[in-house]
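Next come two complexes built around subunit A: one with subunit B, the other with subunit C.
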Partner chain A sequence: MIRLERRLSQPWWLSLLVPIGSLVVAFAIMAVVLAVSGHAPGSTFRNMIEAGFTGNGAFSATLISATPILFTGLAAAAAFRMNLFNIGAEGQLYLGAIGASWIALRLGDHGVTSTPLFVVAMCVAAAFLGALWALIPGVLKAFANTNEIITSLMLNYVAGYLLTYLIFDSASYWRDVSTLQARAFPQGKPMPTGAEWPTFGSSVVVPLGFAIGLLVAAGLWVLYSRTRFGFEVRVIADSPRAARYAGMRTRRKILAVMAVSGAVAGIGGASQIGDFSHVLDGSPQGLQAAAFGYTGIVVAALARYNPIAVCVVAVLIGGLLNAGFTLQGVDFPSGLVGVMQGIILFCALGGEVLIRYRLRVTRRGRAHADAAEAAA
Partner chain B sequence: MINDSLLVVVLTQAVLYGTPLLYASLGELLAERSGVLNLGVEGMMLFGAAVGYWATQRVDGSDAAVLPLAVLAAGLSGAAVALIHAFLTITLRASQIVSGLALTIFAGGLGLAAYFGNEVHLADLPAAHQFKNLDVLGLGDVAVVGPILFDQSALVYASWVLTLLVALYLGRTRWGLNVRAVGEAPASADAMGINVSLYRYVHVLLGGAFAGVGGACYSLLIAPGWVAGDTLVNGAGWIAIALVIFAFWRAELCLVGAYLFGGLSALPFALQAHDVTVTPEFLNALPYVMTIVVLVLVSTAFARRRLGAPASLGIPYAREER
Partner chain C sequence: MGDSTPANTEETRGAGPAGASLAAAVRMHGITKRFPGVLANDDVSFEASVGEVHALLGENGAGKTTLSNILTGLYRQDEGDVELYGEPVRFHSPRDALDAGICMVHQHFRLVSPFSVAENVVLGDHRAEGRSFFVRERTIERRVAELSERYGLAVDPRARIWQLSVGEQQRVEILKALYREARILIMDEPTAVLTPQEAVALFSTLRAMADEGKTVIFISHKLNEVKAVADRVTVLRAGRTVETVDAETATLRSLAALMVGRDVQEARPLEEARHLADVYALEIEGLTVVGDRGEAAVDDVSFVVREGEIVGVAGVAGNGQRELAEAISGMRSPRSGSIRVAGRAIEGGDPREAILAGVAHVPEDRLGTGLAPSLSVTSNAVIKTYRRRSLSRGPLLALRRMRDAALRIITRYDVKTPSPETPARNLSGGNLQKLVLGREFEDEPLVLVVAQPTRGLDVGAIETVHTYLRGEAEKGVAVIVMSEDLDEIRALADRILVMYEGAVAGELRAGAASIEEIGLLMAGGERS
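And now, the complex of A and B:
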């Protein structure tokens, strides 16, 4: 029989050893899954590391995959830290993309060519719309006590249909109707060239969006661990009752945290437009296919909601996603990436227990004897 | 013919499309009544759908022999993935919310369901067996109620029996009473000699099994076949979780809610068939918007009187820390 005993003190090495141990266990389980379904684990893992990190140009591609999940991971971490389970980063990212592409097209129509202006305007518009979309579940949570998990999730589907509607079923501002071909095969208007975000570096190409994500992470870290706001958020998370007695305004914090979370996810949408796609893609194979929002939850949970750790985890999971795209085929079945994310998260959750509790394996009789001994 | 009117068609479809929601929400109801929130319904449904469809491909025989086996396989697969959630949340006391989300990512359309479907090439296989409508007692042609109630498939009839069984089980049996005790006050239940962990394990697994069967409703009845990705279930698992709240944790109200949302999901197809042109995205988004509206209405009523929610829902039970 396994018994759990709460640890009175947590040795420092545990918080280092346990995540590494969880990762090792996760890869061991993965190896079994692969072997059972007839794939060689060793070569699959080797291919993944090469395609994700060590191969020629692999790391640059990994950063491209890591950029959106860095934003959605930060968005999830910001909200989850207050036990506010915003799983709507997916939809908030779509809204961000819609806002960013709108302002970029508008500025383009007015003949603006300055890229810095584009970048700032796109980020602001995206953050605004993302925050607004996140405030729907936020307001409902704060004033009607509605479960934010389900409302924020439902809004992902609504946002997805909105995106499809804008490109496929309406003559919206985003849709390209300039040529006959574009009218027959619906697609978004291409962004003006000034709205293409620059990149840094040559051997490893860093997208501007990734750099912005790092800045956002630093900002969130300061906000959550160095300000009164962050302190109150942590108190509300750990003990809502204590927070109320201390006179903290829980409702305002819910609204503020949801807005921050949505804004961060929204900027992720802006980065998708500015860094990569340069067009609002409404098709189910476009923005909606990648499930950035859900992957962001995995990233945030593995980083234990720490914004700085999110940056590292986003690159690791980005490598996994990138390897998934690159290797897709007979040797690397689709779905493997999701399975791996799930297993890693399960193992991290299990590992969390080892940090908080001491495991004691006892035989049923022994446990009683121990208890009797302790009582005597 | 009144049976071809839009209203009857929508109501008939409401029952059809509500059936997977009903199975999944009954399962979630059992798990939540024992005190465990499982947000992995969407993933368990998709995996159940994949395995159920695979079973119809693998077993030869008549529909009557193969389909029950397929449903059983779907249920077992749902329970199998639910076991992970049960172990993490009951034995290891991990966060039920994060573990449930992890389960959906693990088992869902980008995870195990896709992996499994891909490994056994499900998408290339045409449907070999599917549930057909049974005209009960020859009442299928009766005006209005005939098509709605008496010309449905066995899965639909079985869901009615199951609803009744769950309602009786929770309300009228000793075990059901114990389940409610475990969900409301596990420490008291423990003191009475009820095995809290065992009850929670059993009901989380049952919940997984029901969700798996709910998923199989899609791959064997509504849209026989397998499509890669998560379009087959498309958020039904989440609606099922919302339904449990909407139903104030009561089985009979799950049925009402399931058909309400079944009707909303069926509306686009029915309107299309009757040449009514409404923007499809608007209709498709309707069930999701309505879920939010209904939840808000329910939660304001809920705030006034704490209706139905198990008091210990979401809280891990540790005997040492009571």
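And now, the complex of A and C:
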């Protein structure tokens, strides 16, 4: 009989060895899948790595894929650290996009052209709305002890419908009604030119949003490991009773952590508007298509909620997503791309168990006796 | 003699002679059971006859529950033999014990609340109806009704468990045992949840079972009910058998003496050693605190503690001590009454307020409440003081100074830890307690509330903890020690309060209090 046993201590090399081992296992399984479906594993892997990282312009494209999941990953990590399961980064990101596009259009109407002003205003508005949206489950959790997983998840749908409503089902401020064509085929107003965020670098193009994401990650790291706030969050995460005993204000921390998490996801929405789409896209092919919020949860889990690790993992997953787009074609169905991405994520997350637990093989009878004694 | 359990001993007791002349149903000999760091049973011998109600009497931690868990196959003894009706047996699982006719009614019932009484009765029974794929409800219900008729266990077989009172649920547990044709029934503190009237009814049921030749083992630490229901009483203390006595000839006083023991170290004489000024560090007036089940766990309690005084709160677990400690430390809001620390009233219900007022608290649950288990020793050492200006720079933590503060506690209170970065849960019980105590002492409190300061610690650590607590009192801190260990209370306290059912049953000067007197108060008997 095989049992999982919690490790008392986690040696440092384990957290390097396990992810690498997981990747090796993942590639081995993928090789089998590819061979069975009639593709040469070797060349496919080479194509993947090239399309995701090493090819011409591939890394720039990877950073574009990585930017939104960097934000949602950080948002998830920020909340999960206190065992607060905010699944709502998806909706908070929509709200951020709504807020950022509103302020950008407003500033444009007033004739503002300064890009730095646009960037700051968009980030602030997005963070504000994202935080507000996250505070709905936060307040419910803090004062009524409702399950934040359910409430934040359900609010994602509300946010999604709100986004659709603004563009498709109303003559809202965001909707473009200037031309006859735009009235027939609903679409958002284009952002003023000043609201297009700059990029850095030439051989590798870094979007401003990605750079902001790195700054946010550094900020979160300081917040969680160097401040009194972070200390309280760690105590509450480990033992809410000990936190109460020590006189910590648990309720306020729930609100603050949800607000921080929502704000970070919201800035991700601003980056989508400012860096890439330059329009509030309410269509099913727009913001809602990629499920950034849910991918962010995977990113956060793989990074073990460490904001610095989130940056690395976001780029790796971004590369994987980007390679997927490139790989799929006539002879390589998109379903197979999905299978390969799934295998990698599955192995990576499955390996996590081995960091926290160890496998022990025992004889059946003995294990029962142990369990009985442990129960008493 | 106490009258909280108004059972008439002459009526409920059967005619069977209370001696070893009857055949032994259970004979346990030389039972030893060790747990890591604890010797739960140390060469215990115990014998119960056919047709008798045999009480196992002892304080919490005396080894009663371990012994019955061995008898029901939940544990296996390290040494010793068990015989049933003269046959040696060795159980490998609880099912073996069930098959041998041993049933136990636990303190916390094992019932499925959405199911009916009849369904619960057959649940887990692996003979006949319990085994069949279909539930033959009519048959079961008829049989259950029959049994409840015969033993006076009034309960509707078709009722759902959640509709029943606690007393009725207990009857279902007994019916379960009867349905399985148990020959030996173990009742673990059965009256803890019952009203006095229900207790009387229970006693007559148990008597009826014994009269039919069944054996009832009745675990309790309440003296008067043991005397009311049992034929013989075996007293356990600190994992050993003290004596088996005849219930009829034993007195409450003699039972109390056996239960708490005589080999107690002399209490510290009070007046010669220390002169305490009448300066009250803690004043509690009419305090009522609601417990987890909505009951008044602390019921209109008033007392004061002087500066430098150690007040011991004695009592059997669950008589309101925990709730009292939580109310003083702000973990639980009082319903009414007032708490004053150094003359200043505190609102209650807010631990931070209590900390700022100068109340330090060493909770019963060290790891989990007193300490955050996976955080480092350093983090735990500053868990209450991290907000101080000395340990932070603006919103940032002063990590070096936090570490220094932790090292100070580690060296001053001799906390053995591989490093200050070690997670608290890797420390031993004694070192955890030293860490908690050290942290609380360093904060220079006015009032120190300590719950079960030495539970689970070895002898050396116990001495250290006692020395630390005395040291604090010398410094003028008002110390309240809640403990189930009377030796500990007597070794530490200047004054002893005994709690029974949420109220202060008596207040005694440590020097003058006899152990029998405390034991009697703890068990709900009145003071002579």
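Assume the second predicted complex is superposed on the first by the 324 of 376 C-alpha atoms of A that agree within 3 Å, B and C clash if a C-alpha of one lies under 4 Å from a C-alpha of the other, contacts with A are read in each partner's own complex, and residues count from 1 in each chain.
Note that in this section a residue touches a chain if its C-beta (ideal position, glycine included) is under 8 Å from a C-beta of that chain, and two chains touch if they have at least 3 such contacts.
Every value quoted in this text rests on a predicted model; they were computed, and no experiment measured them.
Contacts of A:20 after superposition: neither subunit B nor subunit C is touched. In the superposition on chain A, A:336 makes contact with subunit B only, while subunit C stays out of contact range. In the superposition on chain A, contact of A:40 is made with neither subunit B nor subunit C. In the superposition on chain A, A:301 contacts subunit B only, with no contact to subunit C. In the superposition on chain A, A:120 makes contact with neither subunit B nor subunit C.
Taking subunit A as the reference, the larger set of touched residues comes from B, when subunit B and subunit C are compared. Once the two complexes are overlaid on the shared chain, A:204 sits clear of subunit B and of subunit C alike.
Shared contact residues of subunit A, touching subunit B in one structure and subunit C in the other, are absent. Subunit B contributes residues 39, 84, 88, 91-95, 97-99, 101-119, 228-229, 231, 234-235, 238-239, 241-242, 245, 279-282, 284-285, 288-289, 291-292, 295-296, 299-300, 302-303, 318, 320-321 to its touches with subunit A in the complex.
On subunit A, the positions that touch subunit C within their shared complex are 8-9, 226-231, 234-235, 238-239, 241-249, 365, 368-369, 372-373, 376. Put simply, subunit C touches subunit A in their complex at residues 35, 69, 74-76, 92-94, 329-331, 350-356, 361, 363, 365, 368-375, 379, 383-384, 386-387, 392, 395-397, 399, 426.
By the touch criterion given at the top, residues 2, 4-6, 37, 85, 87, 136, 140, 144-147, 149-151, 153-155, 157-158, 161-162, 164-165, 168-170, 284, 289, 291, 294-295, 297-298, 301, 333-339, 341-343, 345-346, 349-350, 352-353, 357 of subunit A touch subunit B in their complex.
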